[in-house]
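Chain lettering (A, B and C) follows the sequence in which the chains are written, and residue indices restart at 1 in each chain.
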Amino acid sequence: MTGETYLTADEVTKTYGDVTAVSEVSLDIPSDAVTGFIGPNGSGKTTLLRMLLGVERPTSGTVSYGGPEAERQLGYLPQRPTFRPGFSVRETAGFYADLVDDDPDRLLERVGLEEVAARPVSGLSGGMTRLLGIAQALAGDPPIVMLDEPASGLDPAMSRLIFDIVESIADAGRAVVLCSHELPLVEETADRLAVLESGRLLRTGSVESLRKQTGGPLHETFTALLEQDKATIAAPEGEQA
Amino acid sequence: MTESNRFWTVFVREVQSAVRTRTYIALGVVTGIVLFALAHAGGGPAGGYVPTVVDTLVAVEVLVPTLAFAVGYRAIADPAVRGELDILDTYPLSTWSYVGGVYAGRALLLLTIIVVPLLALGINVATTAGPETTVFASHRGVDSPFLFIRFIALTVLYALSSLTIAFLLSALAGSRGRALVLALAGLLVITVGGDLAVFAGLDSGVTTSTLGGALAMTPAGAYRGLVFDQVLYVAVPGRSAFVPTWVAALSLLFWWGLTFVGAMLATDAA
Amino acid sequence: MRPALTTVQLFAILAVVLGTMVFAASFAIDTTSARPEPVAFDNTVQRGITMADEQIARNRSISVPRAQVFYSQYRYVVGYVGISQAVTALTEPGHEQQFGYPLVVYVSDYSDRPVRCGDDGSLRTATPPDWVEANQAHYVVDGAARVPSGPAVVPFADRDDADAFADSCGGRVIDWEALKSHSFDLEQAAAVREQVGPRRNDTNATVQAARQRRNRPVSVEVGTDAPTVQAAVDAAPPNTTVVVPTGTYEEQVTIDKPLTLSGPGATLDGGGNGTVVTVTADRVGVTGFDIVGVGNTTVGDPTQSNDSAWDATVTTAYGNSDAAVTGRNASGLYVANLSVETPASGVVLRRTPGAVVENSTVNGTADWQDGFMGVIGMHGSIVVQDSVFNGGRDGVYLHRADGTAVRNNTFRDNRFGVHLMYTSRALVADNVARGQEYAGVVVMTNPMANAIVGNDVRHSGSGVMLAGSRSYIAHNVVVDTTQAMSTNADRSLYEHNVLYGNDIGVRASTVVPSNIVTKNDFIANDRHAISGPGPLRVYTHEGRGNYWSGAYDLTGGTGPTLGQSYSPTDSVDRRLHQTDAAVVLRSAPSVRGLRALRGTTPGFRRGTIVDRAPLTDPANPGAVERLRNETAMEEPA
């Protein structure tokens, strides 16, 4: 069940020159819940995420934090995290933990990397790198954790593992935001969805409420929503398998 | 967790990273070889501290910014490209602590690469310089180890300023490829550009009375001027006003501070 | 609450603070204020006195005021014997450029010393003087006090003592600044150049005077008027000529009156024991003999000396060899047209001022170690000219023979061609030397004001080896020696010499460089010049350097001098005449960078020579052209 609002976006817009990446999006991010951003490539998911994070400054509109007092308010897993080479997993976690007085071993345990703590980061698989990124995102116990495509490009077992961890993060009372193309897993994990297309927020709501609108599983809902939208703007059609 | 401790954390990681990068050891060794070879080819160490400065000054003036750029050109660009800066944005880590910590770590590396060979050269002078024969009573003349320490001190200041310039360009680069191009361009400007600009400006803006000041404005000119002013003056009796000392010193400090602030702002924007 | 610093952090902060403090301190310390204390004079690099004067001073207990100078760029303490020498050196143009400025100058302090200027004016004191800084001292000048080299400048720390000395010995008291602008009229090398002509003229006059011995009326003819040569000499009245007809005369002759002994075609045979002709009277002539049968005694026994002079042992050892002709204590001796075969010496001249030896040939031993000198000149100026000296030890050996002229002679296969000991103001000109084991011309014992001009030395150990000071070495040609010239002299002028195809052109060997080396041609030597200890030598004078084969200029200059300096001691430059690859290396940025500022610290540089204005073309084109035609040696491209 969703809790209080930790983060509020109010009419945030981001333009790069003539291109509008995100257009007047208003959104609440509640605690104790996973909010999933879905939408096609280039729909502005990542930009919106980065504005919510504060990494990117909105062209207009505001993002306000409403969560509890914390040394680190937001944790962040970028799309393809890479870590400074030459350090071990333990040292990398230690660096981030040190910045917020956290315990690197706790973080590694949390994502199940304690076994490979001594391994150099350059020797990690894609999934393990992602896990280390998540561990880093949890450093300092931020009330909000944002994950950008946490499982893209990973094998199903690893994707599953990561989504399980994501779920457990939210269970600890945090607000979790994630962007992902892994629709089945998002459907399973997310409590709320925000559907973006061409920088605009098409819908927000719980997975159930969105599913009700179309009556099928999430990917159908997703496709249906996009179809509707495409019809309204008479987009050129493409052959889709 | 205090800000200074975060600075320390970043600094320590830079130092560890530097220690683990073997190419830096190679860089230091090569620098040492170049300086020693040059000084000995010139015969300076046998003559004393001042002749050693004379033999190595031209090389050091070019080597220092080169090394500074080698050490610093990816210092900000790399983590920016890697996404590390975005991650760190979510930590309670001020830009000052981060850029400062990275800078301090790289500065330690750079100074090690430069100062250790210079100190070794100084020790070499201390042990080898002197009369070829002990038949005659000898003395040091105006030569003094303090002059060599001054040379090292000025070189340190020059290195620190060069490194902030490298940082600024690295922060502005945004990609590794651009970082390299910007670094090379910056290197050219420092080693050649400043003096050339003053040279070109002679008779069209720079006058006899402002020449010293104009030179002192450029990092390399200020450094060279200060070395003449504080070290080599003993060898050139009758000449002392090479560049306005304080202008040159402040110029180097100003370049240092200004480009450091610039690097911080650019890092924020990256 | 701020957490406590870790130990590492503490050390880091400490290191930064400490480093900053050391750096700051290095700027705070005034490095130029150090003043070295005076050192024992014996340990200084000494200049300014000839060994002859030094020996005289020691022998007669004369105190010579001294100075010691600590230069800003020169590591050795330079000691000057004679204050006037120090002042002259310190005020010389270009001096500071080479050694830096004087950090401190100390002079002898005669205050509180029982100093006096005796009956002969010689400065004497029972207690050796202490040291005082030159600019704190008071100087008594233009008084009666003398040292062996001339008038003395006597420094005192205490003005009253200076006044008291001036009262007793005359002169006036001045300070250091005034002293520095005081002219001492010391002979400079350039002045010696001006003296070459007059010396030639003086020599001509001496020769003309001596040749008067040829014009005496014949009084006695051997065989006709007297049975033996000695009998003829005994019988002949003074100022006449004794004629010795053709034939061989086995006897030894002593001439004790002003006579001329003339024997063209006659052979005197001394019997192989002792000296053949001994001259003890003034104005004697000995001409036209073949002299053989000279004894083979060379070096005398120095312990037999009963003379108190400082050089008594030298005189005894070197002045008593058997010879064809020996002159002692006789002026105006004329020896000509002799042909001598000798296992010892040819002509020994002791205290024979104005003696002339000309047109003679002395054939010494094939191995120089077996024989002795062609001509020995001691204690008095002589002239040796137009003669030939084959083999033997030294062609001409001079000891305290100031003002001697040795010219137009030919020396072959000796140890030294011309050998000067304790001999100043000599003229060694236009001699030809070939095949000397050690050197064509050698000057030892630091004499002064010698002129070595126009000599031609080839295929010898060394060419012209010079010690001493204020000498003039010019227009000599040295070919194919292991070492053409050494500049072991100071404040001397080397010009217009041609050094061609030697192993080493010039060996710069004074510790305190002060020679002028200009307008010489260095061609096809393995090493044009090398340098011993001591600071940078600048071989450029008044904008003119020397011609160095191989030196070049890529700056496009068309003038008489090249735009780029040339350093014969530089490892790149010295190969320029041997390989063109050196040109490429010389253009390297690193090599150029290395040289950019070198000129700022000349005094600290050891063992280097630089010519700041090398000549585009040979300075002596005629001589060089002749040499190039004469010698088979090809100059490498």
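In this text, a contact is a pair of C-beta atoms (placed from the backbone, for glycine too) under 8 Å apart; a residue touches a chain by one contact, two chains touch by 3 or more.
In UniProt terms the chains read A = ABC transporter ATP-binding protein; B = Copper ABC transporter permease; C = Right-handed parallel beta-helix repeat-containing protein.
A quick note: this is a predicted structure, and the numbers were derived from the prediction, not measured.
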Winner on C-beta contact pairs when A-B is weighed against B-C: B-C
Chain ID, smallest distance between chain and overall C-alpha centroids: B
Centroid distance [mean C-alpha coordinates] between chain C and chain A, Å: 95
Mean-CA-position distance for chain B and chain A (Å): 44
Rounded Å distance, chain B centre to chain C centre (Cα mean): 53
Residues of chain B engaged with two or more neighbouring chains: 5
Multi-partner residues of chain A (at least 2 other chains): none
Complex interface listing, chain C residues touching chain B: 2-3, 9, 22-23, 25-27, 29, 31-32, 34, 36, 39-40, 43-45, 70-77, 96, 100-101, 103, 511, 533, 571, 590, 593-598, 600-601, 603-608
In the complex, chain A residues that touch chain B: 50, 53-55, 71-76, 78-84, 86-87, 91, 95-96, 98-101, 136-137, 139-140, 142
Partner chain C, residues of chain B touching it in the complex: 2, 5, 8, 38, 41-43, 46-48, 50-51, 54-55, 57-59, 62, 130-133, 135-144, 146-147, 149-150, 152-153, 156, 230, 232, 234-237
In the complex with chain A, residue positions of chain B that touch it: 1, 5-6, 9, 13, 16-17, 20-21, 79, 82-84, 86-93
